[in-house]
Structure formats: structure tokens, C-alpha cells
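One structure coming up, written as C-alpha cells, with questions to follow.
Lettered A, B, C and D in written order, each chain numbered from 1.
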Amino acid sequence: LKLLPRVLKAARNPDTYLELFGRKLSNPIFIAPIAYHRAIHPDGELATMKGAAEADSLYVVSSFTTTPLEDIAKNAQTNLWFQLYVTDDRSFTRELVQKAEDLGFEAICVTVDTPVVGTRNRQKRSGFVIPENLHAPYMIDATSSSVINTYSQQNPVTWKDIAWLKSFMKVPLLLKGILHPDDALMGIDHGASGIIVSNHGGRNLDTVPASIEILPYITERVNHRVPVLMDGGICRGTDVIKALALGARAVLVGKPICYGLAMAGHTGVCKVLQILQKEFETAMTLCGVSSLAEIDQNLIWKINR
Amino acid sequence: LKLLPRVLKAARNPDTYLELFGRKLSNPIFIAPIAYHRAIHPDGELATMKGAAEADSLYVVSSFTTTPLEDIAKNAQTNLWFQLYVTDDRSFTRELVQKAEDLGFEAICVTVDTPVVGTRNRQKRSGFVIPENLHAPYMIDATSSSVINTYSQQNPVTWKDIAWLKSFMKVPLLLKGILHPDDALMGIDHGASGIIVSNHGGRNLDTVPASIEILPYITERVNHRVPVLMDGGICRGTDVIKALALGARAVLVGKPICYGLAMAGHTGVCKVLQILQKEFETAMTLCGVSSLAEIDQNLIWKINR
Amino acid sequence: LKLLPRVLKAARNPDTYLELFGRKLSNPIFIAPIAYHRAIHPDGELATMKGAAEADSLYVVSSFTTTPLEDIAKNAQTNLWFQLYVTDDRSFTRELVQKAEDLGFEAICVTVDTPVVGTRNRQKRSGFVIPENLHAPYMIDATSSSVINTYSQQNPVTWKDIAWLKSFMKVPLLLKGILHPDDALMGIDHGASGIIVSNHGGRNLDTVPASIEILPYITERVNHRVPVLMDGGICRGTDVIKALALGARAVLVGKPICYGLAMAGHTGVCKVLQILQKEFETAMTLCGVSSLAEIDQNLIWKINR
Amino acid sequence: LKLLPRVLKAARNPDTYLELFGRKLSNPIFIAPIAYHRAIHPDGELATMKGAAEADSLYVVSSFTTTPLEDIAKNAQTNLWFQLYVTDDRSFTRELVQKAEDLGFEAICVTVDTPVVGTRNRQKRSGFVIPENLHAPYMIDATSSSVINTYSQQNPVTWKDIAWLKSFMKVPLLLKGILHPDDALMGIDHGASGIIVSNHGGRNLDTVPASIEILPYITERVNHRVPVLMDGGICRGTDVIKALALGARAVLVGKPICYGLAMAGHTGVCKVLQILQKEFETAMTLCGVSSLAEIDQNLIWKINR
């Protein structure tokens, strides 16, 4: 995927501001939902939240958070969204959604691509396990205190559940994990306020397209009816501008955040975001665009031909 | 070849049942015909049969079996098919077919891609030879007790022989080793009940397409007139779903069975099959399909565009 | 990119002469503008000029020259062009252009692809810095004696500046750093006398096409209205003939000149140019062309089909 | 380039016979012209001729033979052709052609792709030189006894020379070194009896297509008006069948012959040819063809779709 920059029209300081679901955001680089932050750094989700705030980035908290939502929310100095796994205990799910809304989470991203765990050979071979003393409070079965295995749901989430969630949810509902353009349309028909293109980091179904490969087919089909976001594969500033050029409104960054968190807690998270933001601004300037609105397919080689 | 999964419609326990030639089979992952099982494990074909039964898999016994068909058939607790090399001694071939039918083998797969042995450089360089004390009873010339070299037939099998076989064969006849779409059609015209797409593990003619590459052209041409099966290259569950999405009714697995047999006899064969079955079910769930009938080209990226 | 040579029409000594902006030049292989020659060899730009003269090559002097233009010009025995960075101090830029014109530089190449420095990871990781005792006299702020950081312009060069430069410039103005065909057309509309296709050696915006990839789209769009030159990636004679076959009038060579300069001063520069010229003549003969005018797309495989 | 074999129609012993310029030849695998056989083995061209005869292969003797044509011809037990470099001394060329004709060489292949020597970096880097005591008698200038440097002709061979050669040549004239389809047609218009597609082993102009890549475009353009042969890249039997499927009447083999000659003189040459012939017959049988006439584009995947 190659960029075809324009010249002699650069603004020195491009504007990365965007508006999403009525909120003004300073840039389109968000923190993707990631499970078990405390397995990465003892400060866990609080460090990520602090790093996000320092870099002025939106942070999507995972259902597998190892920190209570209250603790994250009460100190939050940045925009927060919540990622939701619908569990077999639907009343628990309803309470969790309402708690998140009450605490000020501004949108809910429902993960739709994980009815069962994929065939994770690498994870198995490396012998990865969650440390015993780590708890994900919202993935514990309230009645039995045992961990809810999302990946072993007896009653997987379906389109019917989306309608049910819409019936009481007050904040925008996004579907996270869409790859098929037909599902993007079905999502809109079921009331989704946004679509997050994602292949779950390539760890669910194997041999699927990269998010950026399928993105343009989805944005073309969605045709601006709702915002489309993209999760997966963002490693540098030119990746961000390409995703936006292909129609994404914002991107979610996962693994680089983990690396930053592991290296230096909140400082590392902030630094990773700032590098990406700086690289993205440089890419905008070198492409001759001054605002996100000017980023379009004309910047991508071959597509504009 | 990439998958484009559907979401929010998964069944927790997808149904892998299929019906083929009037038989109900619990899953579409079969054991391909493989010569000389006793060169791999001392329990030979009996171990493979036992492993197949434990995993509830159909087993296609090779003409190069090192175990008499009677011994395999009398203890069989699973569906058995027989793979046939037509030999220069046609009356021997006729007797062998009738013996297999009498013993309960439910279909005959006639290998059509091996009039001579291919240029097997790797086999030659590795110095591979069949151990001296191993015998393949149905590849011995009855009159001279010498090994019939299928690969050196003076009178190679032709379309005329297919008509001849059809004249007395009671069970379905499948043609194994079809790569050219025109041959698939000719096969149907000559009365074949099914087509097995195969490149003989890449060991006959070199530089041919992979089975999965040519499969969609053959299924398109056959257009549901007879079942098309695919042999070759199946290594994990997503390979199975791709073959079925491209029109195969079932797949035949060879090398992984050899590995399982070599490692742990019938237990190894069973374990290999169960891993493939489990991965295939996971792939079905993650693709949002509940039965084999729902698997179609819409799951493959680029073909459905 | 493959060549499809013609036979039985070769001239023993092909003519590499071309005419550009009214000047006769003996060959289409020019020296690209390169900053800080004295960081490569103590003789710096004077060595390059001498090597260029010995090989009868046109030399484009960089704004980042470490040798005063007067010193280069007064001994020049070859055609000289000047590469211009428009600085925040526009009056300084005007004076610099007029000085270059007065000294006999025959054309000005305005770099248009560098409003900010790109994300140069390799340069950063290697720890590259300009030696302290090196000065680029035309990149010093006249009022403060500090280095002008072109890459940190507060007032980046725009199309308006091109019009302003045209208002007083007497020699042909070329735009260096065009990748987008639309910008080539805009350049012509703003009075550019020529277009130099370049991706700045791949060091500005990352993941852009190679110059040779985008060249045919630009020459097709420009359609002979002005000469198109190509900078970047020229390593051997067949590269030159391919660029010309795709519509370039001449090519600019950068890195190979650096290697020659570093190895052996002016002798090295001359040797590099002579090798390229000899290889180019050999390629012409083997392609069956006797003059630059005979080099066209018919020599490129796939494009002429 | 993939083969798509046909089944159930194989002949046990396919017929590799062909007729070319009125001669019956037992197989389409010829020995390409190669310079300086004595640099490879002390028995030189005589060993090659003997090996060719043992394998019943046509042998194209090079102008750079290190053995007099008389010595090769007088013991010849196989079909011989002669490869001609037209030299600056045209009367010498005429005498050489007439000598070859008188000695029974049945066709003359005029090399048309070498007006100058290419940029042979590998040859230069390896320090390759012809041993001093080796002589190529037909590349010595008769008047001065110095070596004629074909590659430095003052008067390169052109279409006019082809007409001149035709004026007195009695045997068929083939043009060796055609890559451009337009040149194939021009050759026919100038009276060539055959076309040899070749890129001179990739050692003349660099970055040209492989012979097999361009072959189908040439055979399509020639459309059976004259036989097209292919030189270059033949390493195994399936390469031969692919070339014939794409329209070549025969192939010329170079490097493998050198290896055989270097290893074991005439025995090595014969063995290399027999391996290729056996592999080719095996490929024919596995593709279901019984004679060369049955080999066509239908055997190549993608082209027949």
C-alpha cells in the first residue's frame, strides 16, 4: 500500500482534530482494548489511563480489565470507551453496561468476533498463562466466583443480543471485529453507531485478511452512514494516514501500547502515543494535507488511478 | 486464500454431519489411501483403522495395503473405502474389486494419475526403499509372485477400463487424481459417482497446481452433478473449511496421518484426526456457520467480490 | 521492469546527445543535488565538479553545498544547474537565485517535497550527524548566523512561491520531488519548465512508490508539454534506458556519485559516470537503438503489449 | 508456469519423433551452441558430438568451436547444425557458411543478439579468462591471425546481412536470439526458415524476460509460419513439455551439457541428454499425450482458461 503525496500545499502544523459521536478529540489514534494490563505492568490500567491522558488519547478499556472501572473512571482526564464481552449471564452484562455508562464511559464497543477461542498455536507453544494472582473482576461469574470463559459461551452473542443491548444502552454502540462487508451493513441495520474493523490481532480465526486490506471494501459499503474505525497493524504514522485515506475515522493501537506499558508504565504509554502522533503529523505535512478532512483515497497509489 | 468470517450468528456446537452415497458420516475429514502402513508402524493398517474408528473417520484403504483386506474389514468399526490400482492383469483387478465389495468396502477410488512413476528426485536422493520383509499382497502378480510395478504398466488404465469397471462394480466408483476440469466432466460422462481432486501429493508430475488452487475450477465445471472431494495439503482446520467453501464435499488427509501413525500407532492417528476435527469446528464457529450446508464461497475473500 | 530488445539494427557507437532548454548535452546522466559533499570527501563540491567535467556530465549543485557557488562556477568546465531550498527568508532566497543565475547556473531545481524532515529511523539509529566544522553557507540565516533548518520552515514553500519565483527568475525553473501526476500538471500550469520525478531517495515520506514506478504515469499525463527528468534508483546502464523508455529525458544519479567521491575524489566521480555511460551505450546497442530519440515504450516488456 | 495433466489416455511409450526442415529427428532436445568446449573438457567438441550421437540428439556447433568443423563432421553420427557469428570480414563469413554446408551441417543459426558484449559483472568478478592455449579457428582474423572479437564488430550484422546470407545459403537459416515478437515477424519477412527464442543465457542485455516468458507471445505472432525453437532455462523434462506446449518445436540445452561434459566427457553429455529425454517421456505419459503433436496450450494452467 503506497502513498502518493501532494506537494506545495503543506501546512506547517496540521490539525489532527476530529469529532466523533458529538465529542471533540485531539487526534484519531486511540488505545485499543487489551486484556490484563497488570500482566504487563503492576500499575496496569491506571498507568495506561494516565499515559493516555498525558498524550490526550482516547482509551478503550477492556472487559478483561484488572482494575475496577470505578478506579479508572474517577481519575480519568481523557475520553474513555468500554469494550464489552456479552456473557452467558445477560443480566450481569446489562448491569455492567449501565455501570460503565454511569461512570462516564462515552461509548461501548461490543466484541462480535469471539464466540470461541481460536486455535492459538503460538500462545500454546510459548506456554503463556495468566499469572494466578491476577483477576479480571468483570469476567468472574457473580454467582460462582469462577472465571467466565468468554471463549466457551454456551449462549453466544447474536444479532438478537445487539437489538437487546440497543434497547437499554444510552451511549453509542460500536461493533468490534467486523471483517465481512455484509456484516457491516447488517450492523448498521441493527442500530450500530459505528463499526470497528478488526481481525482480533490475527489471533482468532487464522488466515483472514489484514484489517487494512479489507477496510476499503467496508468503508465503500458503509458509505459514510456511520463512522468506521480500524484496529490492528498500526505501527507508524504512515499506517495511520493510510487507514484514514481508506475511509477510517480513527485507528486503535494495541501491541505498541503493550510494549510502552511494559517498558515504562504510563510514561511508556504516553511516549508510544506521542511518537505515533508526531509521525502522523509529519506524514500529513509531507502529504500536503492540513486537516483530517483532506485525507482521502487520492493519497493512495493505484486506488486513485 | 483468505477467509472472510461472518459474525453474530455462530452456533456453539456446529454440526459436521454429511451424507455421501447414501451413508451418514459424522465429519468430512477422511483418511487418504497411503501405501505400506507397516513401513510407518508395525501395527500398520490395523492401527489406522482403529484410530479412524476412535475418531469416527472414514478410512480409504490403499491397494498397497500391507494388511489383508479381510483383517481390516472384519474388525472395522468405521466406514471403509478402497483405493484401486488397475493392474495389467485385469482379471486380478476384477477379483480384487469384488473381494472389496464383498468385505463391505462402500466405495472404490480408482487412481487415474499414475500410468508411470514420476521423477521423484527427493525420494531418490534420500535413498528411500521399502523394507524387504514388507509385502503388499494385492500388488503381487498372482502367477509369478513378483511385485506388480503399477508404475510400469504395459497396459495403462484408460477411459475404456473405467467403462469396464462400471460394468460389474456395485459400489460407487470415484476417480482419484483429477486436475483438469475437462477430465472431471469426462469422468462423469463415463459414469464416475465422484471426483477426487488430487496431485498425488506433488510426487507424480512436477509443477502442477496445488489441489486447492484447481478445486474451484473443477467444482464450478462439475456443478453439483457428482460429489467432488479433495486430497492434498490439508494441515489444519481452516484448510478444511476453505476446501468445503470452494465446493469440496469432503477432504482426504495423508501425511498428517502418517505422522500420527509413526508417533503413536492408533492413538496417534486418532489424535491427529481429533485435532483436525476440533480445529475445523472452531473455524466453523468463528466463521458463523452451523452446518456444512452453510459453508460456501461467500466465506472466501476475493472470490465473493 | 523488463527490457525487450530489438535486433539486427544496432549502431556500433550510439549517439547519447540530447538538447535540453536550448543546451546541447553529451549524455542524459546528470549528477543529482547532494548535500554536504565535504562530509564525503575533503575536496567536496570542487571534486564533484571536476569529475563531472571529465565525464562531460551536467552537475546540479545543492543548496546545501559546502563550497561557495563562486568557487564552483569560476572553474566550471561543464553544465551547472542549481538546486534551491526556498527558505523562510524570501529575500535571501531571491538573492541566492540571482547569484546562481549571475554565476552561469543554467537552470534552478526547486525542491518541493520537503516541508518537514521525514521520519528517518535509519539515520537516527546509525547516529549520523554532520561534522561540526562543516558549513553550508546558503543555509545559514544571514541575520543570526544560525543554520536555517529547511526542514523546520515556519512558512513552507507553496504554489504561490512558485509564481513569485517565476516572476523574477531568468533561467528555467524545474520542480524537483513530484510523485503525483496531478502535481505535475499543476506545476506546468504554474509555469514550471520541467518536472523532476523524485521520492527524495526514499528518505522523506516512507512507503511511496519508486520513481521508476510512478514515472510512466507522470510522463503520460505531462504528454511532452515540458521535459520530465527522473531522480532515484539509477544503478546501472539498463536503469537509464528504462527511465528514458518510460518518457524521462534525463536521469539524476545520487548515491553512486557519493560512493565514487568517497572512494577517490574527482577520479571516483568521473569513473562512476563513465561506467554508467558505457553501460548505457552498451544497453542502447543491445536494444538496437542509435539515438535517444529511438528509445521508447516499445523496449519495455508488457507495456508495449 | 504450471502443468494441468490429462488422465486415462496415456500411452506407455510416447513417441518423441519430430520432423524439422525435412529431417526426421528422434526427439526435440538439442544441444545449444556453446563456445570453447575444450575449456570444459580436453576432448572438446568431439566428446560432445559423440555424446550427442549416443543419445541421438541434434548438435548445434558454435562458431567458437575449438575443433575444426571437418573433424566434427567426418565422424558425425548425428544431425549437425552450425551457429554463425557474422564477422566484419564478410567474405570470410561467406566461406565459413559454404564450408559448413559442404561438410553436411543441415542448418545455420545466425546469432543476432550480440552486436557488443553485454555488461558481464559476474564473469568479470570471477576473473574468468579463456586459457591461452585454446584457439577458436573460425574466430581468428585470416589476414592478421588475431582473434576476431565478435563483440567489438565495427560493422554489426543487420537485416541487410540476413538478405545477403539468404542470397547464397542453401540450408535453412534460423535467427538465434529473438525476444521481441516484432523481430520474429521481421525475420520471417527477411526469409528466415526458423526462429530461436533466446536471451543468450541472460548474459547479454540484463533484465530481459526469460525465454519461456516471451515464447508464447512469439509463437502466437509467428502463427506456425516457420518453426520456433527455444533456448535457455531447460533443466528438466517438464521444462521441455512446457516449452512445446507454448508453441516451441524443439529446445536447445546449454548449461546442463557443459556440466555433463565437464564431469565425464562424452559419457556425461550422453547421460545428461538421456536424463532429460527420460524425464520428458515421463512428463508426456503423466500428461496423457502420446506424441509431440498432442502437446498444446491446454496442458498449461491459466492459459487454457
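The criterion applied here is as follows: contacts are C-beta pairs under 8 Å (C-beta built on N, C-alpha and C of every residue); 3 or more make two chains touch, one makes a residue touch a chain.
All values derive from a computational prediction rather than experimental measurement.
*Asks:* Name, by label, each chain that touches both members of the pair chain A and chain C.
*Replies:* Expected: no chain.
*Asks:* Farthest chain from chain D, comparing Cα centres?
*Replies:* For chain D, the chain whose C-alpha mean is farthest off is A.
*Asks:* So what's the Cα centroid distance for chain A and chain B, whole Å?
*Replies:* Here the centre of chain B sits 44 Å away from the centre of chain A.
*Asks:* Just curious, how far off is chain D from chain A if you go by their C-alpha centres, in Å?
*Replies:* 63
*Asks:* Scan chain A for residues touching two or more other chains and write them down.
*Replies:* none
*Asks:* Hey, which chains are touching each other here?
*Replies:* Touch list across chains, by label: A-B, A-C, B-D, C-D.
*Asks:* Provide the residue numbers of chain C that touch chain D in the complex, in ascending order.
*Replies:* 1-12, 236-238, 242, 279, 282-283, 285-287, 298, 301, 305
*Asks:* Contact residues on chain B for chain D in the complex?
*Replies:* 112-113, 115-119, 153-159, 161-162, 175, 177-180, 182-183, 186, 204-209, 214, 217
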